[in-house]
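What follows is a pair of complexes built around subunit A, which joins subunit B in one and subunit C in the other.
Right after this comes the complex of A and B.
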């Protein structure tokens, strides 16, 4: 078992573009759930809208990169509004069911064979990332981050991904300390009190839904770029649940919580994978196959989500007084 | 409900649950040897063992499995070949999770069997982040497309939809009862559905007749309901945990259970005994025998549940708790006991629903419950959260809608219609069809 290698892999997860995408999507959930109390279980749908919006406008309409990103973001705004109109007046559990259903509707639609020409159905779409990598200012070569070496493409996507995460954190931080953010937290604490002060609660919730959704759609783009492919199977309901695990790990009503939560989530997954596979390889564990070891890790994710919710709902960084529920 | 308990108590019961999980996990090697393992392993050629990733499938005609057919996979400079085994299973090991061209050698097909119309051969198969990819070739002998009169098609779809709706209702009634008495939206209900089918498969694989396997699986579902309530939900209720945190805990439980099931059962889809059944003609409409049995079984069980709820003391107590737990407790009803019974009955109903769902799809897989969970939710929400008869009506509407919509919609979009209807109903009548008008926003 090569502990050095396992640690390097774990470090790689710390800064990987997937972690950046999870952090961004979880930050969107923090805006929804942590700050506004909206129980959005459809963040995977927002990510799918972003990824497919980008891929389809690039492939079907030959849109240049900025236009494609704009289309993806606009699509998620529209999705948020369509979703918000019927549901934002409803109780939290209804909102949860409707958002999870809407995300699944998106996934069924991009999977259907009738739209294969546009969405590629179950196989998804590929080869749309060229425009992004053409912008790469770094010459070909090997770049090192800490102990980790990578080529210029991997370096570029990491730089862009984490820059977006930092900017998004900054924006959310500024928003939440503004008067607008205070009203939002007020809605979370007591909707009726805020309404009696003459605020349009519905409009505030809708704005929060749109902002979190846009973050989710950006995350979808960053998630899909390094893979160079977008596949509907990646946007199932499990993705949303993993994002909730990240959010609760870090702290749901914090700006940095989702980022740290996503980092912990992926580092722990990588470490357990490395250790389990290593132990299987050297024969220390004989009762598990490799694929069972993989499933064991996700069993742990589920158990961790339960334990977190029960014993430390405020997460690593959060403040127990700032929970979206009493 | 009084919340007097100490955190230590809760910690103890959670540890109990964790301990249970650990025992279940460590029991893995013993269970591995049992019949639950996929048949594909026995039938795979030498090829398959060289690599971790594999493409596979089962070749099945109208008369059963098709053996000795050559299948090839090419891609990335790799070429692999396999021959289907006596049970029709084939599997080709491939070096990487990429896209491969899979072709079936039509010359090796037995006489009288040809690929069904519209079956691509060769075809592209792509791995979706798992170590196995499945592709199914469908066979048919000179399938002739017939134009059936519209009304007949409609009646046939409606009958199938009624059958599907009733099997949905089995799970939905349990979910609705649990919601009504505890306020919990249980996302782990889908895994209770899966467990029923998986247990039935395991018991049937152990050599029990299918009827006994079904009864044991339903009892197992009830046991899961009991263990869940005793080990997890009751301590959380005593602690005064809010509804939203409980919902998120149920999501964690759903993830854990789903992967525990996959841990033992594997990722493959298996069939229960008798999964292929003949078509029975009832006058001008025809229905498969399994669907008809499923319809009758669920109808009987639902009528029995309705009788229990309306006519017996415990049923009345359940409705009282659903209506107002505090008032029920004040009038001498043991609320915790009622909730425990509701969990056990809900688990049994979900398990039975899962077995019928396995026949309806057909197939048993670790994520089958997850696929049906949203339809159960749709049925429950349509009827009105927490109302038992609403769940029944809502599920039947969802079932009818899913099946009838296939006349116009592509089959892979049939669930979309049901989910859309649910969203539309919430827009205009948020309390659902039978729900009481109360403040829900």
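Right after this comes the complex of A and C.
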């Protein structure tokens, strides 16, 4: 068992673009659920809208990168508004039901055979990332981040992904310290009380839904770019639950919590994978095959989440005091 | 100052009572009255000592007021065949403290909900300060200066007391998404809001709690916070739904003073309350509801003697203080003369005896004590 290699792999996950995408999408959920109390169970749908919005506008319409990104973001804004209009006047649980259904609808639509020309059906779309890597200012070669070596493409996507995460965190932090953020938190606590103070609760909830959705959509783009492919199977309901895991791990109503949570999630997955495969390799574990070990990792992440909820229910960065009155 | 108010004719007074609340919503739009009163410093004096009649005609359910701030006509709301509210005509006098009383289920809170846009009536119109309010969204009602509190206190538990207060403030540009990112735009207003909140918190004796989570406050303190927060909106009409429920007696006195002060500051108060002492103490006008209808209204001392009110709500012996042993004795004595009462007949059960036993016991203890002293 090569512990050095296992640790390097774990570090690789820490800064991988997928982790950045998870962090962004979980940050969107923090805006929805942590700050506004909107129970959005369709964040995977927002990510799919972003990914497909970008891929389809690039492939079908030859749109340049900025236009494709804009189309993806606009699509998620429209998606948020369509979801919000019927549900935001109702109680939080209705939003949960509608969003989980809407995310599945999105996934089924892009899987439909009738739309194969546009969405690629179950196989998805590929070869749309050229525009992004054409912008790469780094010459070909090997780049090192810590102990990790990578080519210029991997380096570029990591730089872009984490820059977007940092900017998004900054914007969310600025918003949440403002009076606007205060109204949102008030709505999370008691929307009738906020209404009685003269605030248009519906408009605030809609704005929060759109902002969180846009973050999800950006996450979808960053998620698909390094893969060079977008496939409907990647945007199933379990993605949303993984995002909620990240959010709860880090702390719900915090800005950096979702980022830390996404990092913990992927590092734990990588470490357990490395250790389990290593143990199987040297014969320390004989009752598991490699593929079974792969499944066991998610069980272990679940156990980690349970332990966290028992011993630190506010998450890594959350405020214990806020929980004292829950 | 004294001259200006004693010389003013009723008409002047009406015009002058527009929206010049001291430190209040100066932004209030013109309200039908043509001339605005200018003497702001006299306002406080005026509202507290104003002894002009509240009504224009006779007193009775639905009577018209000299200067109403709210006029409701034919407001009805039914829940599955039951008429929760069926108010033909109701006017709330401006710059007065009006109490809304009535038995449980009389529709008091439903009427509150209807007037503030939290519920939609089956029919009816009502206006606030001359502006029709039917079908106006609740947050717009609040912005017009009609702010309510809730029977079940609503505070934002996971926000601090100060943040709760700031949330009540109006005209904060930082509450719009576009400007929220830039502290330069809203920082100045935020400081003003904080000062305003600190003054109010000090008044309500919550200044020591300013950085605590609202969820850590006691029930009574939450009532105070909710009322203080409503005042952050600088309303012209404050609607309090059972402000005294669950508040300890010492706090009750200060709450009463706060409510009186609201009037002094030029606000109109409408409150629902079951505590008759409080109603008698501070209300200028009492509206009695039963089964959704206004059954009586008038000054408190007159309404409380109204036979319909006594039958519907107060009960024949509402003057008796049952917490006091002499009160119970007096009630027993009264009941003994009452032909319909069981006291004094063989069916009296524990009613008569229970009290006598307690009284006897107390007497025995007292005499024992006396014996010791004489030794």
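In this text, the second predicted complex is superposed on the first by the 308 of 326 C-alpha atoms of A that agree within 3 Å, B and C clash if a C-alpha of one lies under 4 Å from a C-alpha of the other, contacts with A are read in each partner's own complex, and residues count from 1 in each chain.
Quick note on the criterion: contacts are C-beta pairs under 8 Å (C-beta built on N, C-alpha and C of every residue); 3 or more make two chains touch, one makes a residue touch a chain.
Treat the numbers as computed from the prediction; the structure is a model and nothing was measured.
Between subunit B and subunit C, B contacts the larger number of subunit A residues. Of the two partner chains placed by superposition, only subunit C is touched by A:181; subunit B is not. Of the two partner chains placed by the overlay, neither subunit B nor subunit C lies in contact with A:127.
By the touch criterion stated above, A:192 is placed in contact with subunit C alone, subunit B being left untouched.
Of the two partner chains placed around the shared chain by superposition, subunit B is the only one that A:91 touches, whereas subunit C remains out of contact. Comparing which residues of subunit A touch subunit B with which touch subunit C, the overlap comprises 324-325. Looking at the complex, you find that subunit B touches subunit A at residues 10-11, 14, 18, 21, 25-26, 28-29, 52, 99, 124, 126, 128-129, 131, 185, 232, 236, 241-245, 247-249, 251-260, 262-263, 267, 370, 374, 377-378, 381, 385, 410, 412-413, 415-416, 419-420, 422-424, 426-427, 430, 440-441. If you check the complex, the residues on subunit A that touch subunit C are 171, 174-175, 178-183, 185-186, 188-190, 192-201, 207, 253, 321-322, 324-325.
Within the complex, the subunit A residues that touch subunit B are 39, 85-87, 89-94, 96-98, 100-102, 104-105, 108-109, 111-114, 122-123, 231, 233-234, 237-238, 241, 244-245, 248, 287-288, 290-292, 295-296, 298-299, 301-311, 313, 324-326.
Residue ranges on subunit C touching subunit A, taken from their complex, read 116, 118, 137-140, 142-143, 147-150, 154-159, 163-164, 166-168, 170, 172, 174-177, 180-181, 183, 186, 190, 213, 215-216, 226, 229-230, 232-233.
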